[in-house]
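The structure appears below as C-alpha cells.
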Amino acid sequence: MRPSGRAADEMRAITIETGFTKHAEGSCLISFGETRVLCTASVEERLPPWLRGKGEGWVTAEYSMLPRATHTRGGREAAKGKQTGRTQEIQRLIGRSLRAVTDLKKLGERQITLDCDVLQADGGTRTAAISGAWVALRLAVQGLMDKGEIKADPLTSKIAAVSCGIFKGTPVLDLDYDEDSNADADANFVLIEGGQIAEVQATAEGATYDEEGLLRLLRLARTGCDSIYRAQDIAVK
Amino acid sequence: MRPSGRAADEMRAITIETGFTKHAEGSCLISFGETRVLCTASVEERLPPWLRGKGEGWVTAEYSMLPRATHTRGGREAAKGKQTGRTQEIQRLIGRSLRAVTDLKKLGERQITLDCDVLQADGGTRTAAISGAWVALRLAVQGLMDKGEIKADPLTSKIAAVSCGIFKGTPVLDLDYDEDSNADADANFVLIEGGQIAEVQATAEGATYDEEGLLRLLRLARTGCDSIYRAQDIAVK
Amino acid sequence: MRPSGRAADEMRAITIETGFTKHAEGSCLISFGETRVLCTASVEERLPPWLRGKGEGWVTAEYSMLPRATHTRGGREAAKGKQTGRTQEIQRLIGRSLRAVTDLKKLGERQITLDCDVLQADGGTRTAAISGAWVALRLAVQGLMDKGEIKADPLTSKIAAVSCGIFKGTPVLDLDYDEDSNADADANFVLIEGGQIAEVQATAEGATYDEEGLLRLLRLARTGCDSIYRAQDIAVK
Amino acid sequence: MRPSGRAADEMRAITIETGFTKHAEGSCLISFGETRVLCTASVEERLPPWLRGKGEGWVTAEYSMLPRATHTRGGREAAKGKQTGRTQEIQRLIGRSLRAVTDLKKLGERQITLDCDVLQADGGTRTAAISGAWVALRLAVQGLMDKGEIKADPLTSKIAAVSCGIFKGTPVLDLDYDEDSNADADANFVLIEGGQIAEVQATAEGATYDEEGLLRLLRLARTGCDSIYRAQDIAVK
Amino acid sequence: MRPSGRAADEMRAITIETGFTKHAEGSCLISFGETRVLCTASVEERLPPWLRGKGEGWVTAEYSMLPRATHTRGGREAAKGKQTGRTQEIQRLIGRSLRAVTDLKKLGERQITLDCDVLQADGGTRTAAISGAWVALRLAVQGLMDKGEIKADPLTSKIAAVSCGIFKGTPVLDLDYDEDSNADADANFVLIEGGQIAEVQATAEGATYDEEGLLRLLRLARTGCDSIYRAQDIAVK
Amino acid sequence: MRPSGRAADEMRAITIETGFTKHAEGSCLISFGETRVLCTASVEERLPPWLRGKGEGWVTAEYSMLPRATHTRGGREAAKGKQTGRTQEIQRLIGRSLRAVTDLKKLGERQITLDCDVLQADGGTRTAAISGAWVALRLAVQGLMDKGEIKADPLTSKIAAVSCGIFKGTPVLDLDYDEDSNADADANFVLIEGGQIAEVQATAEGATYDEEGLLRLLRLARTGCDSIYRAQDIAVK
C-alpha cells in the first residue's frame, strides 16, 4: 500500500487555475495534490543576442522554490547568490520540453519565458511545472494569435510530465514526497499527446531496474499524462 | 481624482487568507487590492552564530518579487546572483518592524524567518508584506505557545504599514502602482497599534514637503493602519 | 547629560576641507567631530544605457567605509565580493538626496558620481556624507559652468543631513557613536535650505515615538542643518 | 551512412591509460575515439558536515572542460565565476552513477572525489567520464584495500555509460560530435554490468521517439557498454 | 629630462603623518609626492583557522584604491563584486614584504592586518604602501610591547620599497604617473635596511634589459630606500 | 645535495609534445620532470572592446591547475566561483611574458589566448607554462602565416622561464616541489633568447639575498633557459 492510500496507477487530484496573476500574458496555478506551482508565460519582443536574426523565436524557462515551500526552510537562492545544480537541471528540462512542442519559426522573433515558482512542494514539482507551463504558454500564444501577431499556431501538440517510481517493489504513478523519499527508483517522463516521448530521466541511486521495469514505469506515465491532457484541455478552453 | 477612483483617505480592499501554505508554522496570502504577497513564518530552533548564548531569539525577514509579479518581467535575482539594493532595503525594514513588537527574550533562543514573496505587484508591496508578516508571525508564535514551547507571549502589539503620498498636490492613502509612479512624494509608515510610530521612510525625489505635509501623510497612515489591524484581528482569530 | 558633554541641541564641530584630492572635479574631506568622510564628485560625459537620449543627466552615489574606520576592523566588501544591505541603503539615500536639489535637464547628458568614503567613523557617517557630497557636487558643477559646458545652474538649493535621536528620554542632535549605540530611537533627516524636507528615515528598534517625538527630532535637525549650510557656504566660496 | 564511417552499432576505439597522473589515489586517461577525459579519484579521510557520523562514506564528482577542448574556445568557468547548468548536470550524473555501484557503508567514513576533466572533446564526454571515473575509483578503492583501510570491497559491480541517438532515422551507437550535432534524438545510458539500468537520460529536442525507439537505443547501449566493461577489465588488472 | 624635473636619482618628497586615524592600533598617511596612501595596522587576537595552534602569528595586507584616486574614475571593486588581479597581486606583495622583517614566533598567536588604501594616486602606490605599512606595523607592535603583551620585539629590521624604471634610455628613481606611463621598463624593489633584498619585481613589456640594467636600477633603489628609512625613523620616534 | 639528486645547475628533463590536442591552433604538453602543463593557443578574429580599432592585436593567457594536479586535492576554482590571487598573478605573468616577444601590430586585429592547464604539478608550473605557451603561440602564428593571414612574423624571439632558489645556502636551478618547499629564496626569471631579461620575480619570505645572490640565480637561469630554447627549437621544427 502507498502512504497516500492511492492505487498504484492513480494520479493525485489535478487542478489548474488559469489567470492566477494578471500581468503575465499567460498564467496558471497548477496543483498535483498538495504540490502547487505558479506558472507564468512572459512574452518579450526581443531575443538574446545569440538568437537574433535567424527568423525564429525562443522558449525558455526558469524554476524556483519559495524558501518555505518545503517541510523545512531552504535557503533562498537569491540570498546565497547562486542557483543550485538541481534548479538549473530542472529549468533546462522545462525549457527543452516546451520547445519540443513549439515550432520556433512560427513563433517569430520573440521570446517566451516560462517562470515556474513552487509555492508548495509535495513531490513532483518539476512535472507539475512542465504541465502547467504548457497551459501558460498556450494562453500566451493564444493571446498573440488573437491580436494577429502570430498567424499560424506554433504549438504542435500538448505536452505533460509525470514522475513514476518503484515503491517497495511496485511501480507506482505520481510520487508524492513521502513516497519519493522512500522509492527505490525514480523516473520523470515528458510525453507528447499522441504517443511520442519527449524526455525520459530515469535514475536509480541504490536500486536499479531493467527494460521491463522501465517499460512498466512508462506505461504508468502514459496513464497519468492522459489525465493531465484532459485537465489542460479544460483549463485552456 | 485618483486614477483608482478611491477617496483620498480610502484604502484598497484588504484580504488576508491564512494557512495559504501548509508547511510553514504560520502563513498567509495578504492582498491590498491587486497587490498580493505570500508571507510565511518559519521557526528554527537555532540561531546564527553571533546571536547564540544571549538568552534571546531573533526575528528576521527576506523579501522577493516573482519575476512576473510586475507589468514587465524583471530578471530573477537568483539567476543574476545577487539581491538588489531595493530588495535588501525592504527586507531589513520588514525585519526591524517585526522586532519592534517582539520581546526577543520571551521568544527564547530560536529564530523566526518571515519570507515575503510578492506574487503580484500593484504598489505598496513592502507595506502589505509587513502587515502580512505580522499575521504569519502571530500564527507561528501561537503555535509555539499552544505546544508549551513559549510561556509568555513575546508579541507586544500589532503592527501594520501603509504608504501615503502626495498625488497632484493632494495627500492620499495607500498608493497603487499608477498613483505611485506619478506621486510627488512617497512615504511608508510602520505604526504600532496604540499610537506609536515604529518607522517612517519619507522620500521626495523631485518634490519635497514640510512638517505639515509630513503630519498630514501620517494622519492618513493612521486611518489606513486602523483598517489593517481590524483585518489582522479577524485573520488570526 | 550626553556622553559627549554636548548640549542636547549642539552639533559637533563641522569642518570641510575642499580640494582634498586633486583628480576629482570636486572633492572635500568633511568632519562632524571625529567622523571624517572623503567626498569626491566625478563628472563623466556618458550615461548608463537606460538613461541615454532623454536630454537629461544623472547624479548617483557610492558609499564605503575603510575597513578600519571603526573601533574593530570590518571585512572589506571588495574581498567579500558584495556590498552589504546597509551600504546599498546608504548610497541609494545619498543619490536620492542630491537629485532632490539637482535639475537633471540643466545638468545635460552627463553623469556625476559622488563617492563617499568614510576614513574614520564616529556616528553619523551617512549624514556627513550627504552634506559633504553636496560640496563636492557644487564644486564639480561650478567647474562645468566655468568652462561653459553648462549654461544654467542645475543646483536648485543647498541640502544637508543630520541624525537625531532620543537618548535617555531626551531628544538630542547629531549622535556620535557612543550615543547612537545607546539611543532609543534614531532618525536621519535630509533637509533642503529654505525649509523643505527631502527625506526622513526614522527608526525605532525596541523603543518607539509618536507625532510629537517626531516633530521634536525634526526641530533639532533644522538647527543642525542651519550650521551645516553655513559651513557649506564658507567651503564653496 | 554515419559521418564517422562506422557501422550503426560500432563503438569508437576505447583506450584507458591508468596512472596518467601520479598524485591521485587512482587515475586514468580514457579515450572514446578523439574524446579524451582525465579521471582522477581523490581519497579524503573527512566528510562534508552533513554526512558525518552516519557510519558511511560518500562518492562525488566534478566535471569540467578545458577551454580549448572544443572546436572554438569556450570561456573558462573559473574566470566567469560560475559553473554552467550543463556542467552541474553532468557532475551530478557522474556522482549518482558511481554511487549506484558503491556500498557506502563498506567505504567507511571517507569521501572519494572523482574529477573528470575533458582534455579534448568530440562528443560523448559525459559517458567517457563515467566509464573512466569507474576505473579511477576502482584503483583508489584497491589501494585502500591493499593498505588494509577497507576490509570488504565496497564496489558492487562495474558501471559504464554510452550515448546513442537517432541519426537520419537510424539508431546509432556512441555519437561523435558531428553525429551528435545532427541527431534527431540523443540518449545517455548508464548501465551496470549484469544487466541493470542505473540511469537513462533521453532527450528529444525537435524530434521525438516512442517505446520501440527507446528500446532500440537501449539495445545498442548494451552492446557498447559490453565493450567498455572489457576495456575497464584490462585497465584495472 | 624627466617630466617631473627631478634628477635621475631624486626621490619625490616623502611625508609620513602618523596617527591619521584614531581607531587603528597603528596608522599613518604616507605621501610620495602626490601619491597618498592611508596605512592602518589592526591587531586581532585570533588567527585564521589554518594558522592556529602553531605558536606563531601572522601579518597580512589588503590594498585598494578609492574610485577617484586616479585621473579617471575606476569602478569600485566592492560594487563589481571582485578584486582585480592587480589588487590581489599588490596585497600579496605587501604582506610578504612585511613578513620578511617580522619574527612570527615573537609576534605570538595574533594577526596584524595592514590596510593600505590609496587616497590619491600618482605612480608608486604599492611602494608607498609597503613603506607606510611598515610604519603602521611598527606603531602597532610598539603598542603591544608597551602593554606588555609582547616581550621581545618581533620586527627585525626596517623595510621600504621604491620603483625604478628606464625612461628614455636613462634609469630613474621613483617614477610618477607620467613617467611610469612612458617608461620602457619598470621594477619594484623591496629592500631591508642593512642591504638585503626582500623582493624584486622587474617587468619589461615591450622593452627589455640585461644584468647591468638590473643592477643600475637596484643601485637607484638603494638610494631611494635610504631616504625612506630616514623618514620612517622620524615618523616612529 | 639536492633532494632530487641533481647538480646545482642541472635542469630536470624537458619534453615538449606538440599537437597534444587537435582543436587548438597550437598546442603542446610540456614537462619539466614530473611537472606537466598542457598549453593551447586559440586564435580569435576579434578583440575585447577596449582594444578594437587600434590596428594591433592582443596576446593573453589563462592558467589553472586541475584539482588533483597536486599532492592533496585543491578545491576547483570554478566551483568556488573565483580565481585565487595566485592564479591571477600567474596568468598575468604569462600574458606579459609572451607579449614581450610579440609585435602586436604585425599580429593584426586578432587575439591569441594561451591556456595553460597544469595536469600534474611538481614545482615550476608557471615557468613550464611560459615556456610551453611560447611553443603553442609559435605554432598558431605559423599556421596564420602559412594561410597567408599574417605577412610578417610577429614573434621577435624565443622566450623561456625557469625558477631558481637558494637551497640550504646553495643557489640551485629549476626547483622541484620538495626543493621549493624548503628553499630560502625563490626567483622566477623570464629570459629572451639573445640575452635580454623580460621579467624577474624574486621573493624572499624569511630569508633574503643581495646583489651577488641575485646575479648568481640569474646566471643559473641563463643556463636553464638555454636548454629550454633548444627543446623549443626541436619542438617547433
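In order of appearance the chains are A, B, C, D, E and F, and numbering begins at 1 in each one.
Note that a residue touches a chain if its C-beta (ideal position, glycine included) is under 8 Å from a C-beta of that chain, and two chains touch if they have at least 3 such contacts.
In UniProt terms the chains read A, B, C, D, E, F = Ribonuclease PH.
Predicted model only: the values in this text are computed from it and were never measured.
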{"item": "Type of chain B:chain C copy interface by residue overlap (half), same or different", "value": "same"}
{"item": "Copy-to-copy rotation for chain A and chain F - C-alpha atoms, rounded to a multiple of 5°", "value": "120"}
{"item": "Where chain B and chain F are represented by their mean Cα positions, the distance between them in whole Å", "value": "58"}
{"item": "Where chain C and chain F are represented by their mean Cα positions, the distance between them in whole Å", "value": "50"}
{"item": "Touching two or more other chains - residues of chain E", "value": "81-83"}
{"item": "Direction chain D, origin chain A - full chain order round the ring", "value": "A, D, F, E, C, B"}
{"item": "List of chain E residues in touch with chain C within their complex", "value": "20-24, 27, 34, 38, 40, 42, 44, 62, 64, 66-73, 76-79, 81-83, 87, 113, 115, 117, 119-121"}
{"item": "Contact footprint of chain E on chain F as seen in their complex", "value": "82, 84-86, 88-89, 91-92, 96, 99-100, 187, 192, 195-206, 208-211, 213-215, 218"}
